[in-house]
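Per-chain residue numbering starts at 1, and chain names A, B, C and D are given in the order in which the chains are listed.
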Amino acid sequence: MYFIKEALSSFRKNIVQSIAAVTTVALCLVVIGLILMVMYVGGEIIEGIEKKVEIEIFFDNPETIQSSGRVTARMDKIQEIENTVRAWSEVSKVRYVSKEQALDKFKKDFQYNPEVIQNIEGNPLPDSLRVSLKNPRKVDAVANRLKTIQYVKDLAGDLDKNVQYGKDTVKRLFAVTRWVSIAAGGFAALLIFVSLVLITNTIRLAIFARRKEIGIMRLVGASNWFIRWPFILEGMFEGFIGAGVAILILVGIWRTLFTNLASGKVLAFLSFQIDQTAFIKLILLLALSGAVIGSAGSFIALRRFLKV
Amino acid sequence: MYFIKEALSSFRKNIVQSIAAVTTVALCLVVIGLILMVMYVGGEIIEGIEKKVEIEIFFDNPETIQSSGRVTARMDKIQEIENTVRAWSEVSKVRYVSKEQALDKFKKDFQYNPEVIQNIEGNPLPDSLRVSLKNPRKVDAVANRLKTIQYVKDLAGDLDKNVQYGKDTVKRLFAVTRWVSIAAGGFAALLIFVSLVLITNTIRLAIFARRKEIGIMRLVGASNWFIRWPFILEGMFEGFIGAGVAILILVGIWRTLFTNLASGKVLAFLSFQIDQTAFIKLILLLALSGAVIGSAGSFIALRRFLKV
Amino acid sequence: MIRLKNVSKSYDGDKPALIDVNAAVTKGEFVFLVGPSGSGKSTFIRLLLREFLPSRGEVIVAGQDVVHMRSWKVPFLRRNIGCVFQDFKLLPNKTAFENVAFALEVIGRSRNVINTQVPEVLRLVGLEEKLDRYPDELSGGEQQRVSIARAFANRPPLLLADELTGNLDPATSLGIMTLLNRINRTGTTVLVATHDREIVDSMRRRVIALEDGRIVRDQLKGVYGYED
Amino acid sequence: MIRLKNVSKSYDGDKPALIDVNAAVTKGEFVFLVGPSGSGKSTFIRLLLREFLPSRGEVIVAGQDVVHMRSWKVPFLRRNIGCVFQDFKLLPNKTAFENVAFALEVIGRSRNVINTQVPEVLRLVGLEEKLDRYPDELSGGEQQRVSIARAFANRPPLLLADELTGNLDPATSLGIMTLLNRINRTGTTVLVATHDREIVDSMRRRVIALEDGRIVRDQLKGVYGYED
């Protein structure tokens, strides 16, 4: 079509401006893409840390229960609690930790202070249920709900003491992760804004340099849209190519990082992974936004030269 | 002087390009300034975390020592170690933790498991020295050196068990902080590179749009430097103004963040602080680099139009 | 075809370039616009094209009130006017062919028509060998001829020409004037601003003379002037 | 002053714009360069300015071999040549005054000299009232006169003029030619490329005629031509 031909030939003939626009789009999208990637990975890491928040229900020692005359079916009751809680939609995992397992853990923690261990007689540690949540932010609500279960009241006695989830630690953790996300999000938003300004700036400069041409076209009787279309298509084209370049660079960075990280030991504990779909989505998003930014930039930049 | 007057008038007469250049410089410097600020604060935080790494020397129980016939002047020996170690240049702080303090801490940690505490008879915990380092990365070396002190050998017996610094935790911590710094540094470097390209791009476009003018000047007999100076000064000027705008924006962001953070509770645990000098240095750095980038950009962009 | 009523035009604040001009050109006329440098000839022509509005007065072109015209209608007005500009106003990124073709693309002519018509028009002005040259690869006179070719490529009912032959040698000028004459005879109204005494004197057409923004002479079968 | 020996110039690949041109102009001469549109007049002048190099041959201006000249010396060559360009080549961001002043600033004239000399020169070409106008606020002829003023502002020993009067009316043209004549009489060598038969014929100076890139006539006290 005429407009497309016109846009392509203009792209070719104004190669300096075209290259400038493509570079700007590409570099901006690379930076944005990188920060999105970092935010994604960071989000996974934070989620991983938050997942470690769990609610512990310590049960009173059987002896104590015995003395209150309710020995029978203790394990049944615990099983019952476990089943009930597991059915809750907020809960992802419920794990029973026996007295013996707790003692093993304790001994391991204190292996360098044998005196402590030596002085413990028998097994003073309680058995417990550990409840992990799908959304750790609901820990407060779930804990409160746990405390209303009759069997928990029966077996854990002093609820405030025996239903535990490190309230303060959790609060602090969430405060930190919240602030990190806000900061990263703010930075990303700033980068996107800056990129938009820079890209429209570049396109505006390119079009400004051609304002005389635009004036001539108008004097020869071209309507505004007739003038506009090739510019918009050219901007779209530049945005597209820029996004393409950005994608190539991002894939390159991604590959190098991965091989480097996979060979090092860092990968292991960062559990560094992005699934394929997220990456493809990112790529498509970049290509699309490149084209949109390019054409919108042209459109905006043209306005002031198209007042008849 | 002629060149300065020329540069200023050109800045004014090509206001569209001037504004574009100033905006580009300003926005790029804002982003760079922000990431430098974040890196600075992040560095402080990381340093704070790393500072928490300490070496613990657990001393054998007096009873054990008694049995080997060396009771006298035990506290003197500990005092001696403390003094020796405190004199080392790598060490920032040495703190004595008595058996009683250790037990208090233990009781607090286990306040929700009273059974554990109830079952401890007497105080099985040892007294200890806690050594903090100026540069936590030297923890390995300092620990090894500690082990060679005679009194430590005397009082701590099994050195491997009693001189402790969470070797694995420290290693992991350092790996994480190292990777975070590398990633942040890489990102900052990328941003700086991108900014350089974008700024020279903008200036190149502006100069490209005026290539005809440059050609005319040359035809009228202007030497290359006669043409170049006003452009370089103009670029410098644009860079300077851009840096000024960037500084204003950064100060603005800084202020808002500070008031917001100070009113919230986050400030407390992030120990968020930048000292005045660092900030002023940052500002001067930005202003200077703005001017340098602007003039260098002009110089580079001019080259191809000044081949006689 | 053209009517100016009490038209004045002053560029911001300056002493006016046109003062109280009244003129009417009927369809099919051939008019020379003469006058010393800076007397307002180009301003006259640019008013007809609605490059800007007059400060005062009425401008009517092809029956349309140019002053109160809606801005979206302006392109349609201009498509009915072919104009040769004093500074050519060629698109620097288009070849001679493409420059002329653009005037036809604007009015929606098909590729076919363009491919036959453009070389034909360029041949008429003697540029058949330079179709693919960019403006800055053409000599001054050749650029002027491209501008001329573009102006009448789509056979507009009104042809304006500002300094038509300033960069052309007498022989070529004569050729162009003969061409204009022929176009005029097919019914096109032609208005030519020129300094070329030789041409004006030899053609003996209507002459409108401007001086300091005022019409000082409007003469059928006129000559360039009395001076020197 | 000027010597061309077997000079040919072809723009990339095309049929040459100048073919085997030999010419010599001595100091103080006044020469017209005539020829039809596209015959190579502008190319001739641009070679003297070293806007580009000839494809073959030798160009000597003011005793200097232009072809083998070091590039840093070129500005110095150009400062000794005043040139009126066919397309004026005014700096769009400078006023008429500043445009002329630029040519003096380039050779390091003091502010004082500039402030007295520039208005003087612009007065000579009749623009004393338009010192502060930007080029696009001037009529075509006025722009041309600014270009003329700039060319002789620093009293160069060699004055080149390409299409000096294309946008000027006969009266103004005559004024300019008288001015050139006067300048020539002070010893300045003048070379004028023109289509203005009237002027060439009335001055009866040396005429070099180009046609299709070849010199076809070189005549003392010549006229514009024989044609039509």
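Methods note: contacts are C-beta pairs under 8 Å (C-beta built on N, C-alpha and C of every residue); 3 or more make two chains touch, one makes a residue touch a chain.
Quick caveat, the model's predicted, so the values are computed rather than measured.
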{"item": "Chain whose mean Cα position lies farthest from chain D", "value": "A"}
{"item": "Separation of mean Cα positions, chain D and chain C [Å, integer]", "value": "28"}
{"item": "Whole-Å separation of chain centres (CA-atom averages), chain B against chain C", "value": "70"}
{"item": "Separation of chain B from chain D, taking each centre as the mean of its C-alpha atoms, in whole Å", "value": "65"}
{"item": "For chain D, residues contacting two or more additional chains", "value": "none"}
{"item": "Residue list for chain B, restricted to those that touch at least two other chains", "value": "none"}
{"item": "Graph class of chain-chain contacts, one of line, ring, star, complete, other", "value": "ring"}
{"item": "Contacting chain pairs - touch in the sense defined above", "value": "A-B, A-C, B-D, C-D"}
{"item": "Chain D partner contacts - residues on chain C that touch it in the complex", "value": "11, 34-38, 41-42, 86-87, 137, 139-142, 145, 162-163, 166-174, 195, 197-198, 224-225, 227-228"}
{"item": "In the complex with chain D, residue positions of chain B that touch it", "value": "2, 10, 13-14, 213, 216-224, 226, 307-308"}
{"item": "In the complex, chain C residues that touch chain A", "value": "49, 51, 71-72, 74-79, 81, 83, 85, 89-93, 102-103, 105-107, 150"}
{"item": "Interfacial residue positions of chain A with respect to chain B in the complex", "value": "16-17, 20, 23-24, 27-28, 30-31, 34-35, 38, 58, 61, 106, 112-113, 115-116, 118-122, 124-126, 161-162, 164, 172, 175-176, 179, 183, 187, 190-191, 194, 197-198, 201-202, 204-206, 208-209, 265-266, 269-270"}
